[in-house]
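Listed next: structures, encoded as structure tokens.
Next come two complexes, and both contain chain A; in the first it sits with chain B, in the second with chain C.
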Partner chain A sequence: MKLLRDILDKMKPMVEKGGKLHSLHSTFDAIETFLFVPNTVTKNGSHIRDAIELKRTMFFVVLALIPAMLFGMYNAGYQHFLSLGDSAAIASIFTCFWYGMFKVLPIIIVSYVVGLGIEFIAAQMRGHEVNEGFLVSGMLIPLIMPVDAPLWMVAVSTAFAVIIGKEVFGGTGMNIFNPALLARAFMFFAYTPFISGDTIWIAGMTNDSRRVIDGFSGATPLTEAANALADKSEVLYTQTGVMDWIIGTVPGSIGETSFIAIMIGAAILLFTGIASWRIMFSVFAGGYVMGLIFNLIGYNIYMEMPAHHHLLLGGFAFGAVFMATDPVTSSQTNTGKVIYGLLVGIIAVLVRVVNPGYPEGMMLSILFMNAMVPLVDYYVVEANIKRRNKRLKMVTKVIDC
Partner chain B sequence: MSNKEKEPFFSAKNMKLLTSPFGANNPVTVQILGICSALAVTAKLKPALVMSLSVMVVCAFANLILSLMRNTIPSRIRIIVQLVVVAALVILVDQFLKAFVYDVSKQLSVFVGLIITNCIIMGRLEAFALNNKPWPSFLDGIGNGIGYGIILVVLGFFRELLGAGTIWGYKVIPEAVYDFGYENNGLMLLPPMALISVGIIIWIHRSRDKSLIEK
Partner chain C sequence: MSKVIRLKKGLDIKLQGGAEKVLIPASMSTSYAVKPSDFKGITPKLLVREGDRVKAGTPLFFDKFNPELIFVSPVSGVVSAVERGEKRKILQIIITPSEVQEHEQFEVGDIDKMSREQVVELIQKSGLWSLFIQRPYGVIPRDTAAPKAIFVSAFDSAPLAGDMDYVTSSCEKELLKGFVVLKKLSEKVCLGLSTDTHHKAINTINGIEKNVFDGPHPAGNVGVQIHHTYPMNKGEVAWTIDMQDLTILGRLFLTGKVEMIKVVAITGSEIKKPRYHRIINGANIQTILNANVKTDIDVRYISGNPLTGTKVEADDHICYYSNQITVIPEGDNYEFLGWIAPRFHKFSLSRSYFSFLMSKSYALDTNLNGGVRALTMTGEYEKVVPMDIYPVYLVKAILAGDIDKMENLGIYEIIEEDFALCEFICTSKTPVQEIVRSGLDLMIKELS
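This part shows the complex of A and B:
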């Protein structure tokens, strides 16, 4: 630590005004504030007193994502060996994890290199400080990609999300849409065959499906349900059950499968107060209520699926905990947060059940509600003003009497 | 009146009418008109070019005819007169396309008919042709048609190249690139990406021409 500090102190005069490397000021600043908590404090205007600043906040979110990431690595290997019917490899946690790590790490590296690269260039060009927002997005993007996603597609999607989703609007804190979900949405609509279907969720299955054992489909539970609906079969799931969904040993995007790992992350976020519990709970509540409503309608077997299954399946939990709670793109008012969360949950389940073209509704539902957030906030504030005006009038009336 | 008639056909003022819509006063990227059709017909280069030619012809002749009639139209019914003229021209263009480029006409489908409601044409008629002489109005119509066409062709070029790997229907991205793992970007063929592409063009345009940036 001392050594790092010394190196930075030695370099500091070079990048300050008048120094010969002044053009690299933003880059130096980014590295310095990343490694050490800066001494500067906000001097004027309204500001929040807190022990941690934005970079440290982001760090806690990344920390909360670690369980999901580690389990995602393990599951990538587990699903791979499962598809090959290699029971010896499945039994060894280490083998599974090792294989999965080599599959997942490149995606994480690509996402960070591309995203941070663009952030650094944009900051240098504008003479801004480098924004810290990408620390989290860079980790979220790999976790919502299928493990077999080609790396250049991850790179293009990340670049699109950072440039069009964030830099165009003015950088971190100004974006309308969640950048990580935007990357996934871009990938989903641009390279549809690589992010939907049966074979892409399992490493190596697309290129080498000959070796896969008989009867193994590789479909995610949600795809399975949608297919079952289309085929008019009697049961929704044959390959996995509730316990598998909770532990997470099912095919799916890298980080989304394990309910337990996500809940550990949720606990970290709620304990540190970084994510809003209002949003998190109302998303789950919204999904559950919509599930119950579909149970009442009961038109087909998908609608009759127990409501709590929706919360365990696919990206619902991951979206509720890590995506919907993004402080920039979610609602700012407390009432607004509840409305926003409920609608995210409701629309996600609605898309899942009613539109078989998109087996997973969470991404579309959160992006849609991101766009609606200003409207929700506007009416919440308006209602508050109206209510207080009314109270004011009553008070003046009383005084007049 | 008399001294104006001696003005040469391609005087500096007239040339400015013709060329300013190409860049600084572009109907699509500066006035943000005609976006709807710009998004709808640019998935391929060929329909984009045919569409922009059609709009140019309609815009130029509607301007010319309305300008000739401008002193006889009561201002209260001017919109309906404009519509009749434009509609007549659009039907002519539509029949011409059906006769000579039937496949493109099929692809453009309803959007040829919708030229009638194209904001650029109505805008030019209202703003220019009703107050100006025939020749400048004609040039203004051609200029705006070309300004619209430039954006459509640029959009059509990139959307077809990135979305389908072809230009004018011919494959330009070699098979070897696909073998290497390259894939066509399906989003480029969808209207949302066309809107984003228009946004990017506006972004580039404004960063090159600082006078367009609002205070």
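This part shows the complex of A and C:
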């Protein structure tokens, strides 16, 4: 440690203003502060400070994502071998995980390299310190990608999300839309022909579908449900059931399938208090209530789907726990958080059931509410202002009498 | 029985080095100083020169834009130095005390027979007008017209703060007189008590409104107490005065002398024996601490509490409004992978550390614990501001310089100390108190 410190201290003059390598000072700073908590002291104001910092906050979110990531790796392999009908490989957790890891890891690496690269350059241009926000986005992006998405698409989507979604607004803390979801939305709308269809969810199925066994479609439960509605079928899903959804052995984006893994993450976020419980619970509540409302209407088979199924399927849980709770793009006020969460849940289920053209509504729902958040907060804060003005009026009245 | 107001929001930071209830009597300090920077928004004009002889109560300087506002010497002696900084700004006026203390004698009659104007005039003449702080803005009141109320907090809930009951216990007579003076100045006098205030003298005071505040810091902040009793509206003015300063004011009306005697708590993890000291205001810190500081590491001297106090040097003088001196470790060291480590020795409101499980006291240092970032996390400030105010929105309005918004969001109800905990807990290390002060300064500039 002493050696490391000495090396950094030796390098420091080179990157300081006037030094040879000044153009790398943000990079140096990022590495230095990663290794050591800096020796900066308070000058005025509060002399002592809470030990929390953004790095630690972001680290805990990444930690909370690890179960979903690990399961996503396993499931990538599991679904692959399932599509091939290779029962020997399916039985081995290790084989499935090993195969999945080699599929998922490149996506994670591409996401981090592209995103952090842009962040470092942006920080250098502004003369700022590198912000930690992308540590989380960089993990979120791979987890909401289909496993068969080409790496170059991941790279372009990530670049779009970071540059247009975040840096043009001024970096972490200033963005309007959730960067990770923006990357996903970009990929969905820019490359629709390439990545639509059911094969994209199964590793290796898009390019080589000949080996896939008969009867395996790769469709996610939500697609099945949407198809069932279109076909006027009487059964919503045939391939999987509630237990599969809870464990997560269904086709879907890499990290979104396992309800259990996501709940472990949720427990970490709620226990540490890093994610807002108000948002998390109200998203689930909103989705459940909307499901119940559709049950009451009962116009078609999709509307009759048990309300709690909505919470287990597709990206609902992942979105509620990791996406909707992003502090920057969600509501800033406590009351606003509840309204925002409820609406995210309601709209997600609404899109699913009423618009079968696009089976999953969570992404669009959160992005839409990201845009609506300033309006929600505006009215919440306005209520506070009204209370204050009312008080003023009452006082003036008394004086007038 | 007085009304009990329960506050849930806030945070008590448990620090090592709380003062033990042992009172060290006053001894003469080597030097005393009055620092114009302690008084917000004044432009000092000197009335003395180096070498002048002064008594306790002799004017040293006045406010250029408000000549009635004078500032007096706490002791008698010789003006040994007038320290100036950049652009000849007066930093401090240092007085070397004489062996025998002499006081300016002010004529005080029976306060019941004095008119309000006479009381105001006496306080102004004696230089003790500077003990009052006005809301809004947290400055010395310029207008002497009766405020809507005068608020006094009978307890200090800040980290390591002294026990106000204890420090004022020996001057009950002065305290009672002080309240009589306050009643003369305003029709309404409000006293904020804590659940464990057992001051005998206070119970005997009639004609003032007493409210009990139960909750963590900042329950003892007078700003919070005002918010929950008679909140500040646009156009209203209230005054506040510290309990110890009230005894100084009371003493003037008892004896006709300016005797700025107070008891300060010497606290902090780097103090060998944290205790109470009786001092005359403006005393040299070195004389007070007198080898009572642990010498093995770099330390920070703070005049005041660790949340709102002023950074001072070891041989500096205690600030005018401080009731406490805190000495804590200077945190100018690197910590290898500290942001990820469990760090059992660090305190955090966040449950990403274990401090929420432990009830031990901490020896916190002055390390910033991270880098300054854009505001990212939400819902943090709200946890420590027990007022119906949206702190982040107010801070952002101040940064934008939007006067209308600042008014609407409650700038009149706060001063720096009310948002000090926001600064403490901020993940992005935002200098909240500095921002609040710049907002208050902007309001003063634009609206007067």
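The working rule: the second predicted complex is superposed on the first by the 371 of 401 C-alpha atoms of A that agree within 3 Å, B and C clash if a C-alpha of one lies under 4 Å from a C-alpha of the other, contacts with A are read in each partner's own complex, and residues count from 1 in each chain.
Keep this in mind: contacts are C-beta pairs under 8 Å (C-beta built on N, C-alpha and C of every residue); 3 or more make two chains touch, one makes a residue touch a chain.
Keep in mind that this is a model prediction, so the values were computed, not measured.
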Under the stated touch criterion, which partner chain does A:186 make contact with: chain B (first), chain C (second), both, or neither? first
Classify the contacts of A:307 with the two partner chains as first (chain B alone), second (chain C alone), both, or neither. neither
Can A:194 be said to touch chain B (first), chain C (second), both, or neither? first
Give one of first, second, both or neither to describe whether A:171 is in contact with chain B, with chain C, with both, or with none. second
Overlap of the chain B and chain C footprints on chain A, residue-wise? none
Would you pull the chain C residues touching chain A in the complex into a rising list? 13, 15, 159, 231, 233-234, 236, 300, 302, 306-311, 326, 328, 330-340, 343, 346-353, 355, 364-379, 382, 388-390, 392-393, 408-410, 416, 420-421, 423-429, 431-434
Please output the residues of chain A touching chain C within their complex, sorted ascending. 1, 4-5, 33, 35-57, 59-60, 129, 131-133, 170-174, 271-274, 276, 327-328, 330-334, 337, 381, 384-385, 387-389, 391-392, 395
Counting only contacts in the complex, chain B reaches chain A at residues 181, 183, 185-188, 190, 192, 196, 199, 203
Under the definition above, what is the set of chain A residues touching chain B in their complex? 150, 152-153, 156, 164, 168, 186, 189-192, 194
